[in-house]
Amino acid sequence: MAINWFKYSAPTTFYPLAGKLIPWFAASSAILFAAGLYLGFVVAPSDATQGEFYRIIYIHVPSSILSMFLYLVMAGYAALGLIFNTRLSSMMASAVAPTGALFAFIALWTGALWGKPMWGAWWVWDARLTSELILLFLYLGFIALHASIDDPRRADRAAALLAIVGSVNVPIIYFSVKWWNTLHQGSTIKFTGTSMQVTMQQSMFTMLAACWLYAIAIILMRVRSIILERERNTKWITELAEVKK
Amino acid sequence: MSLDIWMRENPLTYVWVGSYAVALLVFAIEVAMVVHKRKITLQQVRLLIEAEESA
Amino acid sequence: MLEVSNLACSRGDHRLFSGLNLELHPGQIMQILGANGSGKTSLLRTLCGFIQPDEGKIAWEGSDVRDLGEDYFAEMMYLGHLNAIKDELSALENLRISAGLSGLPLNEADAIAALRRMGLKGRERLPVKVLSQGQQRRVALARLLVIKARLWILDEPLTALDVNAVALIEGVLAEHLAGQGMVIFTTHQPLNVAGVRSLSLS
Amino acid sequence: MLEVSNLACSRGDHRLFSGLNLELHPGQIMQILGANGSGKTSLLRTLCGFIQPDEGKIAWEGSDVRDLGEDYFAEMMYLGHLNAIKDELSALENLRISAGLSGLPLNEADAIAALRRMGLKGRERLPVKVLSQGQQRRVALARLLVIKARLWILDEPLTALDVNAVALIEGVLAEHLAGQGMVIFTTHQPLNVAGVRSLSLS
Amino acid sequence: MKNLFGLLLLIVRRDLLLAMRRRADVLTTLIFFVMVVSLFPLGVGPETDMLRKMAPGVLWVAALLASMLSLGRLFSADYLDGTLEQMLLAPQSLSVLVLGKMASHWMVSGLPLVLMTPVLGLQFDMSVQAIGVLMLGLLLGTPILSMIGAIGAALTLGLRGGGVLLSLLVLPLCIPVLIFGTGAVQAVTSGLSISSHLSLLGALLVLAVAFTPWVTAQALRISME
Amino acid sequence: MKNLFGLLLLIVRRDLLLAMRRRADVLTTLIFFVMVVSLFPLGVGPETDMLRKMAPGVLWVAALLASMLSLGRLFSADYLDGTLEQMLLAPQSLSVLVLGKMASHWMVSGLPLVLMTPVLGLQFDMSVQAIGVLMLGLLLGTPILSMIGAIGAALTLGLRGGGVLLSLLVLPLCIPVLIFGTGAVQAVTSGLSISSHLSLLGALLVLAVAFTPWVTAQALRISME
C-alpha cells in the first residue's frame, strides 16, 4: 500500500492520472448539479415561513461547508509539503486556495442575498457571517503571500507556515467571534433548521456532492497546470504528448 | 424601496439571478481561467523547449 | 576540514554548477573564480546553508553541516556583499554587538584596538552612516580580527577598499592561515596571499 | 568645459578638502585619487549639485551650474554607488525607462543591442533582482552606451565587474573621449585608459 | 507642452508597470482597507444603528490610513535604489515627474478604494443615496490625500521609521478632507444640501493639483542633499 | 540556560539602543496611535454617548494598527543591511534571539500605548473602572500582537509592499485578541465579570510566548533562502 501511495505522490505519475480522472469528476458534477437544481426548484416544496427564498440554501450551505473544509485540506497539504518536502503536496495546497476562496465568496454572496429578504439587511455582524468573512481574508492572505514571492520553493514554504498558523487560529477565531456576538445581542434572527423535509434534504445533499465533485475537478485541473509550470525543466514534461504537439 | 417590492413579487427570479446565476458564473469564470492558464503554460513550456533545442 | 562532494545548484531555470567537489584543509585558502553571474555568490551562500543545494553534500569535519547546525556556525564566519552593520550605531558598538551575537563578548579596549588596526582611528565613535563606502567595509572586516572562527567565507571582501586596506587584509589572511585557519573567498581584484588554490566556475 | 575653482567641502565637523581647482576640457579624462574616506564621493556629488559646497564655484561652459539647472543636467550623467535600477523590472525595461527619463526615448532593438554589448545576452528579459552583483552593475553601466551626455561622472564604476567587463568599460571610455566627451571618475582598481590625469585628495 | 505631457505619461506608465509587476500590492491596499473597515464592528459591537452612524467616519478614516500606508512606498523604493538621484538629475521638469507619480499612486491605491466603497457601505447598512455621496466625496478626496501625502513622503525620505513619521506629518493636513467628506454624507442623511461640502472638496483638489507637485519637488531636493 | 538569558538580554539591549538612536520612531508610533484615535470623533461626530460606546473598540483598533505599522521594521532593517544573515549564522538559539526582538518591539511600541490609554480614555468620557480594564487588556494583548505580528513580519521579509501585505496576513489572526480585549471593557461597563475575558487573553499570551518565537524562527529561515 505504502509504495502505491508514494508512487502517486510523484508528479510524474500523478499528472496523467489526474488527466484521466478529471472528465469523470466534471461529468458527474454536472449531472448532479442538474439533478440538484431540479430537485431543489421543482420537486421540493416551498418553505412555510420563508416562501421561495429558502431555496438559496441549496447553494449557500454547500459552498459554506466547502469553504471551511477546503481550508483544512489546503492547510493539510501545505503542512505535508513543509514537513516531508513533497513537491506535489505544496502544489496541491496552492491549487486548492483559489477554489476555497471562491466558495467562501459564494457563501458570503448568497448569504447576503438571503439576508436581505429574511433580515431586511444585506449584512449583519453575526458570528457566523463574520467568521466566514475572516476565513475569506485568510484565504486571500495565503494567495497574496504565495503570489508575492517569486521563488516557488520559498513561496510554498512561507505560505505553508501561514496556513498552519491560520488553521490553529480558525477555531479560536470562530469561538471568540461567536462569544463576542452573543454577549451583546440576544439573538439575531436565524433560520431554524427544524426537521428539514426529506426532499429538501435530498436536494441539499445532491448539491453538496455536486459542489464537491466540481471542486475536485477544478483543483485537479489547476494542479496540472502548476505541475507543468514548475516541472518544465524536467525531461518527462518535454516528452508529454500535449507538449510535443 | 423598489428593490424590496420587486424582490417580494419575484422571489424565484431573485433567488435564481442573485444566487444561482452568480454562483454558476463564478464557476464558469474559474473554469475559463484555469483552461486559459493551462493554454498559456503549455505555450510557455513549448517555447522553453524550443529555446533549449536551438541553443 | 570542509568537504564538498558532487554539489549542484540552480537558480530559476538556470543550472549554475553541478558535480562540484572541493576539499579545504586547515591552513588552506581557496579562491572561487568565475565571470559575473557564474555562481560564486550562490556557491558561498550554499556553503553557509542559506541556499539548499539541488544535490550533493557539504560536510564539516566529516558530518553533514545540516545536522551540525549551530555547531557548524560556531566554527564558521561569513562576510557577504552586505556589511551587516547598523547605520545609526558607531563602529565600536557595531563590532561589540556582532561579537556578542557570535557568543564572544568583547570589551571596549579590544574592540577599539581592532578598529584602529583597520585604520579607523578617530572614527570609532561616529555613526557608521557618515563613513565612506570603504570605511564601512573596514568596519565589517574588523570582525575578522575579533571572531575566532576557523572557516572564513568571504564574498568580495575587497570591494571599495583602497590599496592600504587591501594590503592589510592580505596580512590578516596570512596570519589566519598560519594559525591553521581556512579561507574560501571570491574577488575580482588581485590579492597577494601565498598558496591560494583556485576553483573555477566556468 | 567643466571648471571648478577654489572648492571647499566639509561633512560633519570634518573639512574634506578646500581650495580645490580643476579643469576638464573635451576629450579629457580625470581620476580622483584618495584613500578610503578622503572625500572622493563627496566631491563627485558636489559636482552633481547634490551637495552644496562650503566655498568655491563650479562652472559648465562658463556659467555656474546652479544657474544652468536642467541645461547642465542635459549634458551630464552621474553613476553612483547605487545602480538606479528597479529589481522587479527586466534589464530591458530598466534601460528604456532611464533613457526616457533623460529625454531620449529608446527603441527596443537599440536597448537590446546595448545590453548585449554589455554581455547580458539572454538575460535581457529577466527581472533584474535575479541577476548577480556584477550583472546588475552591467545593466547600470549600459546607460553609458545609450545616453548622449558629454560629461560623465562615475563613482567606482568597476565595482563587482569581472575582467572582461572591465576591459569593455575601458573601451567605452576611450570611445567617449575620442568623441570629445569628458570623464571624471574614481576607482580603487587598475584601469587602462590613455591620457588619464589624476587629482589626489590627500 | 507636448514634451511635458510625454514625460507625465512615461512616469505614469512606468509606475503602473511596476504596480502590475507587484500586483499583490494593489490588491493588498484594497484588502487592507476592507479589513480595517471590518475590524471596527468587531471592536465596537454589532448594533446596526450605531454602525450606520459610524460608517462614513470609519470608511474615511480607513481610506486615509490605507493611502497613508501605501504612501511610504511612493518615493522610498526609488530612493533606496538610486533611481531618485537620477530623476533629480533628469533634464526635465521635476514637478511634472512628481505629478505623474502622484497620479499613478492614486490610480493604484485610491481609485480601488472608491470602487470598493458600495459593498462596505451595504455592510454597514447605509442607504444607497448616502453611499453615492460617500463615493463622490472619496473620488474627490482620495487624490488630495495622495498629493498631500506625497509632500510628507518626500520630506521623510530616507529617515528610518519614515512610515510612522509620515503619518504624523500628513494626517493633520488631511483632516479638512476628512471633515468635508464625512460632512457631506451626514448632510445627505439629514436631508441637507451637499453641494457646499463637495464644492469645498473640489476647491481643495484644484489647489492641491496646482501647488503640491511643486512643493513635493522642492521637498525631494531638500531630502537628497 | 544562563547563556540563553544572556543572549536575550544582548538582543533586547541592542534593539533598545537602536530605538534610542532613532528616538523619533518610538514617539511616532505613539503619536500615530493618538492621532488615529482622535480622528474618529472628527469623522463620526461629537455625540458623547456614542463616543463612549465606541471608545474601547476604537482604542483597540488603533493599537492594533499602530503595532502593525511598526512591525514592518521589526526584521526589515536587519534584513536589508545583512545583520539578519549574521543572526541566522550565529551559533545561538534563533528562537531566543527572536523572542528578544519581540520583547524589545513590545517595549518600544506596545508599552507606550498602554501608558497613553488613560488620557485618551478620558477624552472619550470613559469611566475610570473601564479605563483600568482597558489598560489591563492592552497590557496582556499588545505583546500577543507583537508576537503574532512577528510571524507575519518574518514571512513578508524583503517583499515589496511588505507593510500592507503584513497587515493582510496578520490582522485576521489578531481578531480574537481584539474581541476579548474589547469584550472585557464592555463586560465591566455592563456590570459583568471580566475575569473570563482576561484569563482568555492570558491564555493566548502564554500560548504565544510558547510557540510564536519558534514559528517566527522557521519563517525567518524560509525567508532567507
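As written, the chains take the letters A, B, C, D, E and F, and residue 1 is the first residue of each chain.
Just so it is clear, a residue touches a chain if its C-beta (ideal position, glycine included) is under 8 Å from a C-beta of that chain, and two chains touch if they have at least 3 such contacts.
Predicted model, so just to flag it, every value in this text is computed and none were measured.
Between subunit C and subunit F, the least number of touching-chain steps is 1. Mostly identical positions are employed by subunit C and subunit D in their mutual contact, as over half of the interface residue numbers are shared between these two copies. Mean C-alpha position of subunit B lies 40 Å from that of subunit F.
Work out the mean CA point of subunit D and of subunit E, and you get 36 Å between them. With centres defined as mean CA coordinates, subunit B is found 16 Å away from subunit A. Computed centre separation for the pair subunit C/subunit D is 30 angstrom, with centres defined by C-alpha atoms. Annotation for subunit D: residues touching 2 or more other chains are 81, 87-88, 127, 130. For subunit F, residues that reach two or more other chains under the stated contact definition are 22, 77, 159-161, 165, 168, 171-172, 175, 179, 182, 186, 225.
Subunit A has residues 137, 140, 144, 148, 153, 177, 180, 184, 232-233 in contact with two or more other chains. By the touch rule above, subunit C contacts subunit D in their complex via residues 11-12, 34-41, 81, 119, 123, 126, 130-135, 137-138, 156, 159-166, 188-189.
The part of subunit C that touches subunit F in the complex is made up of residues 48-52, 70-71, 73-74, 76-78, 80-89, 93, 97-98, 100-103, 127. Chain contact summary for the complex, subunit A toward subunit F: residues 134, 137-138, 140-141, 144-145, 148-149, 151, 153-154, 157-158, 161-162, 165-166, 169, 172-173, 176-177, 179-180, 183-184. On subunit A, the positions that touch subunit B within their shared complex are 37, 41, 51-53, 55-56, 59-60, 63, 98-99, 102, 105-106, 109-110, 113-114, 116-117, 214, 218, 221-222, 224-225, 228-229, 232-233, 237-238, 242-243. Those residues of subunit F that touch subunit C in the complex are listed here as 3, 10, 14, 17-18, 21-22, 77, 80-83, 85-93, 224-225.
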